[in-house]
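After the structure tokens below, expect a handful of questions from me.
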Amino acid sequence: MQRIGVFVCWCGSNIAATVDVEAVSEALKSEPGVVFSTNYQYMCSEAGQNMIKDAIKEHNLTGVVICSCSPRMHEATFRKTVQGAGINPYMVEIANIREQCSWIHKDKQTGTEKAIILGKAAIAKVHLNAPLTAGESPVVKRALVIGGGIAGIQTALDIAEAGFDVDIVETKPTIGGKMTQIDKTFPTLDCAACILTPKMVDCAQNEKIHIYSYSEVTAVKGFVGNFTVSIKKKARYVDTTKCTGCGVCTEKCPVKNVPNEFNLGMNNRRAIYIPFAQAVPKVATIDADYCNMLKNGKCGVCSKVCTAGAIDYKQQDEIIEEKYGAIVAATGFNPIKLDNFDEFAYSQSKDVITSLEFERLTNAAGPTSGQLLRPSDGKHPHTIVFVQCVGSRDTSGCGKPYCSKICCMYTAKHAMLTREKYPDTDVYVFYIDVRTPGKNFDEFYRRAVEDYNVHYIKGMVGKVAPRADGTLDVQASDLISNEQLHISADLVVLAAAIEPDKSARPLATMLTASMDTNDFFTEAHAKLRPVESPTAGVFLSGTCQGPKDIPETVSQASAAAAKVIGLLCKDKLTCNPCVAHSDEMLCNGCSSCEKVCPYGAITYSDKEFRMPDRTTAIRRVAAVNEAVCQGCGACTVACPSGAMDLKGFSNKQIMAEVDAICK
Amino acid sequence: MSKVTKEQVLRSSGVNVLKCMRCGKCSATCPSYDEMEYHPHQFVYMVEKGDLEPLLNSDSIYKCLSCYACVERCPRGVEPAKVVEGIRNAVLRQSGMNHIKAENIPDMLDEDLPQQAIVSAFRKYKR
Amino acid sequence: MQGKMIARAKELLQNGTVNRVIGWKAGDFAYDITPAVFSSAEELDAGFVYNDFCGANFSKYLVKESRKEGKILVFLKPCDTYSFNQLTKEHRIIRDNIYVVGVPCDGKTDGETLKLKGITGITGIKTEGDSFVVDTLYGEKTIAKADALPERCLSCKSKKHVAYDELLGEDGEVCESNRFDMVEKLEAMSSEERFAFWRGELSRCIRCNACRNVCPACTCERCVFDNDNSGIAQKAAADSFEENMFHIIRAFHVAGRCTDCGECSRVCPQNIPLHLLNRKFIKDINEFYGEFQAGEDTETRAPLNIFDTEDVEPSIVYEKGGN
Amino acid sequence: MQVNEKEFKPTIVAFCCNWCSYAGADLAGTNRLNYPADVKIIRVPCSCRVNPMFILRAFQRGADGVIMCGCHPGDCHYTTGNYYARRRMTLLFSMLDYLGIERERTRVEWVSAAEGAKFAATMNEFVETVTKLGENKRLEDLRCKEK
């Protein structure tokens, strides 16, 4: 039998005005198990807390009921209080007689009666409370960053800076991501490669960072502090330890017609290739889809010219397993496919390009060596039309319902750079809204208009039609002058919406991390925990969480790193003790609980049991991993036999509350 | 003649004009743009404002080809052509002159005219 | 069929595929047939029967039997195979320790039913077309199957075996069943009428637990009603609420897992139509969450262990009309 | 057993999930939004913790109405809990209705932490409905009541 103390708080007049606190403490005194009952002006004050501590010692209390404000307010306070007096913090129950009683009832008698019932329910529950101890689980001091773009790079560098090992897994042969393809960055117009490549080199040289390039995560097991991840290192048919990146093979390879993905297919590469000059790691990769040797065993030129002997046609995919304490998703984005937007003639004319293709056309390392030339005839375009919101803010089903956020700024950048380099070019930008909320962003856009004379037109392009003379007829509306325009353009640039990378969805499944309907990862809290996934130990970096520009991506990447460091700093994690547990003798082994667990906290194993009839039997039983369980209780209801119960909210405790209320 | 209300147009067209984000793609895509005094995006906006009189009195409602290019292209699924049609129907129903009467149909029959067009016009414009 | 089954059982025993056979054994009377385990050819010859009285579903016996040494041969009728799959899915039976021979079924009757129809002194039974021909001490009697079959056979949901290692005879098809007719009838009643109906039925409950004991979905290591720690333990129904409570909780526990085998109603000594509770859940699940047949396979997730973000809201119960 | 003839006061049990609905109830209090004292709240971590047994137990012990509140679908703190709860309660309530128990005695409502006003309004309405129905006679353990 518990020895219970009841403490009724006045909360000044907040409770005492509509609840007769004296009557409540008096009424609860006669409840079974209650050996002490009192009331006080402010229970949460130091004097109030001391009163509780003294009573615990004086009356040898084993359980405490506090009738006060919401447990969401002071449950933690009072748990600490009783712990200070030597009893388990989970032997406290709060009866919420302020928010759910005194504040909503005006009549004192009503309020007092209800407060007594709420107090009785809490007493009934405390009778069944058991001391709970929070479990601990160790933390593997190593982090995994999935995705090697600027987000992943920044996160990895910051984690490594704090002294922890960190691995980057990147599906492409090199890290760097989309930023490597960008020419200049807004709003400062410095060159993307100049600020990115030193960071890539830092990653390669940092001894705390290990890069798995041309690799994929194939399985994730475990939980916060203790993940086991399978990583597939795809065969690149080149021994990366031997390859020096000299590039001779990439010049001698006879297969010359492979579309170069780095330049978005606007020129070709060989079947053995290094994506670009500053690639990290700078090693060659054989494209098995095109290599003659791998396809039909005829060729072997690269092997012959490689002085390092790095070519290995027999290389196989390799799967390695590694343990991590934290995982960061940094899977990034892609521009959407424009198949649904026939009206812009993207598939009909080479001179209708996406903004990312425009970046390559203006980049010194691009297919035109930085000369802005029309893809169709290699001539300099004199009239360029930029179309914004292509597929963004689109609820018709063809595109994406959200704003892609970066297009307004990069389009202003493109327009400005074009006008600066080629002042003889007419540049039109069709916009629905120009969105420039960022430091120096609006100034940047205004410079495009005021200093560079870019024609910003409020309206949308309805149709782009290639003409026989090679120009493009752009039909658009100008909403301000209320007219329909026809512009004869040489080049049309579409600001395609961006979408999360396709690898994000399967990754989220592996991580049991949740996603929104657009396949962006969801945050643990949209405002207050923006870089954490609701799944403990999984963090979000960059555009996999939502559209972002580079400065935002980098700040989020560093924020995610800070969260990871905060986690890895701990030697052990304290778990929530209110978790599910399974009574093995009752467990049927039916797997119902396992199916409804959102965290994968339940596992099954065959165990030998001594049965009541003195035989031994091997039975399949469930076990809850207390470090992973978050205590929702879904399993307890799925369990038909009642083997699964929740500590702190057990079946019996809840039923005792029900009984007390219904009496 | 009773007054045509915004609600009436919205109901008969089934369009939620509040979905419009004013991009103007409807007007950008409209093949009859130059013929029209009021353009598709204006129809949507003016109906939203309840400013129906100018539309009801404008020839624009007969210039719309009902080609549905604006409906097809609208990124927000607003369906401007249906708004135009809503206004047009309101005018037709009010005028009382242009209703098709069953006895007039035989005169309209024509080798080249699809019968379905007559049937649907009859359904639409009969009282 | 009985001869074929005995012959096959002997073969499987002899070639070592199995070391035991679970089958039906004749009792003191021709109609009182009990499940039994046979471990030799002699035992099979002496006691194994298969006839139109062999209604018992063996799946549940396998929970214990499949945990014993060696493989066991079981004969399953089509509807039994659904229970078998469900138990396999829930890891209650060890599939590898079982050899399943599917046997066809055209509906099983029982002695009680025949006696109610005035047929006594039963010594044997056989099927002839749509009738049973019953041998009795007073000569041969013929009764139409429609009059002698229990409800669960008249509304048979499937003659197809969904799990087996081999089949004796032809496999059938999933049937067009009218099994929800009575549920629909009840749904159409007023709340008061339904209450009266169920009080009339459930108040007869004597808490003999036969329904629970026979139910292939009720295989808990310890039933919540027997577990003092569950908070709802009860040995006998003390009042009308507990009669309700027992059956509601039992039906809820098997919701989404019940294959509608009808054993509960078959064994109820008070003839309470318990299957109408289970069928209500099945019907609701089909209507709310899409067609689902428990035991159809061993992979599909039970409807209560899965969800769709677009699921109907509980208010559908209030909105469906009627009262 | 004494029935107050002048005014019937129902007993209502409300199961509220800790993260949304319990916080919503707190907000109703903070904003001083009145609802009848007949409603007594039981805090559970998530609506998926609510076992049908609890609801039957409440009726058995004399509750006249039981309401379960949780986060809006899609907003569950545990991501999926309320989806399971939704299926369970839909089926349970349908079954109670099928057995002839007044369907208005049971209710599920999604109340977010920001919806104090909705919480109060829901409770006012639910209490009114149950009061109209009167005492729960069809499901009640008389033995417990007499104690």
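The letters A, B, C and D name the chains in turn, as written, and every chain counts its residues from 1.
Keep in mind that, in the parts below, a contact is a pair of C-beta atoms (placed from the backbone, for glycine too) under 8 Å apart; a residue touches a chain by one contact, two chains touch by 3 or more.
Values in this document were obtained by computation on a predicted structure and should not be read as measured data.
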Looking at chain pairs A-D and A-B, which one is connected by more C-beta pairs in contact?
A-D
Need the most distant chain from subunit D, centre defined as the mean of C-alpha atoms.
B
Centre-most chain, if every chain is reduced to its averaged C-alpha atoms
A
When the centre of a chain is set as the mean of its C-alpha atoms, what distance in Å lies between subunit B and subunit D?
51
Centre distance in Å when subunit A and subunit D are each reduced to the mean of their C-alpha atoms
36
Return the distance between the CA-based centres of subunit B and subunit C, expressed in whole Å.
64
Geometric centre distance via CA averages, subunit B-subunit A, whole Å
47
Among subunit B residues, those touching two or more other chains are none
Going through subunit C residue by residue, note those that touch at least 2 other chains and give them in order.
224, 231, 304-305
At which residue positions does subunit A touch at least two other chains?
596, 638, 651, 655
Listing of all chain pairs that touch each other, if any do
A-B, A-C, A-D, C-D
Where on subunit A does subunit C make contact in their complex?
585-592, 595-596, 604, 617-620, 638, 640-643, 651-652, 655
Considering the complex alone, what residue numbers of subunit C touch subunit D?
183, 186-187, 191-199, 224, 231-232, 238-239, 241-242, 244-245, 248-249, 251-252, 255, 277, 280-281, 284-285, 288-289, 303-305, 307-309, 311-318
In their complex, what parts of subunit A are in touch with subunit B?
343, 389, 393-399, 432, 458-463, 475-479, 482, 484
Subunit D to subunit C touching residues, read off their complex
52-53, 56-57, 59-60, 73-74, 80, 83-84, 86-104, 107-108, 138-143
As the complex stands, subunit C meets subunit A at residues 67, 90-92, 219-224, 227, 229-231, 253-254, 257, 301-302, 304-306
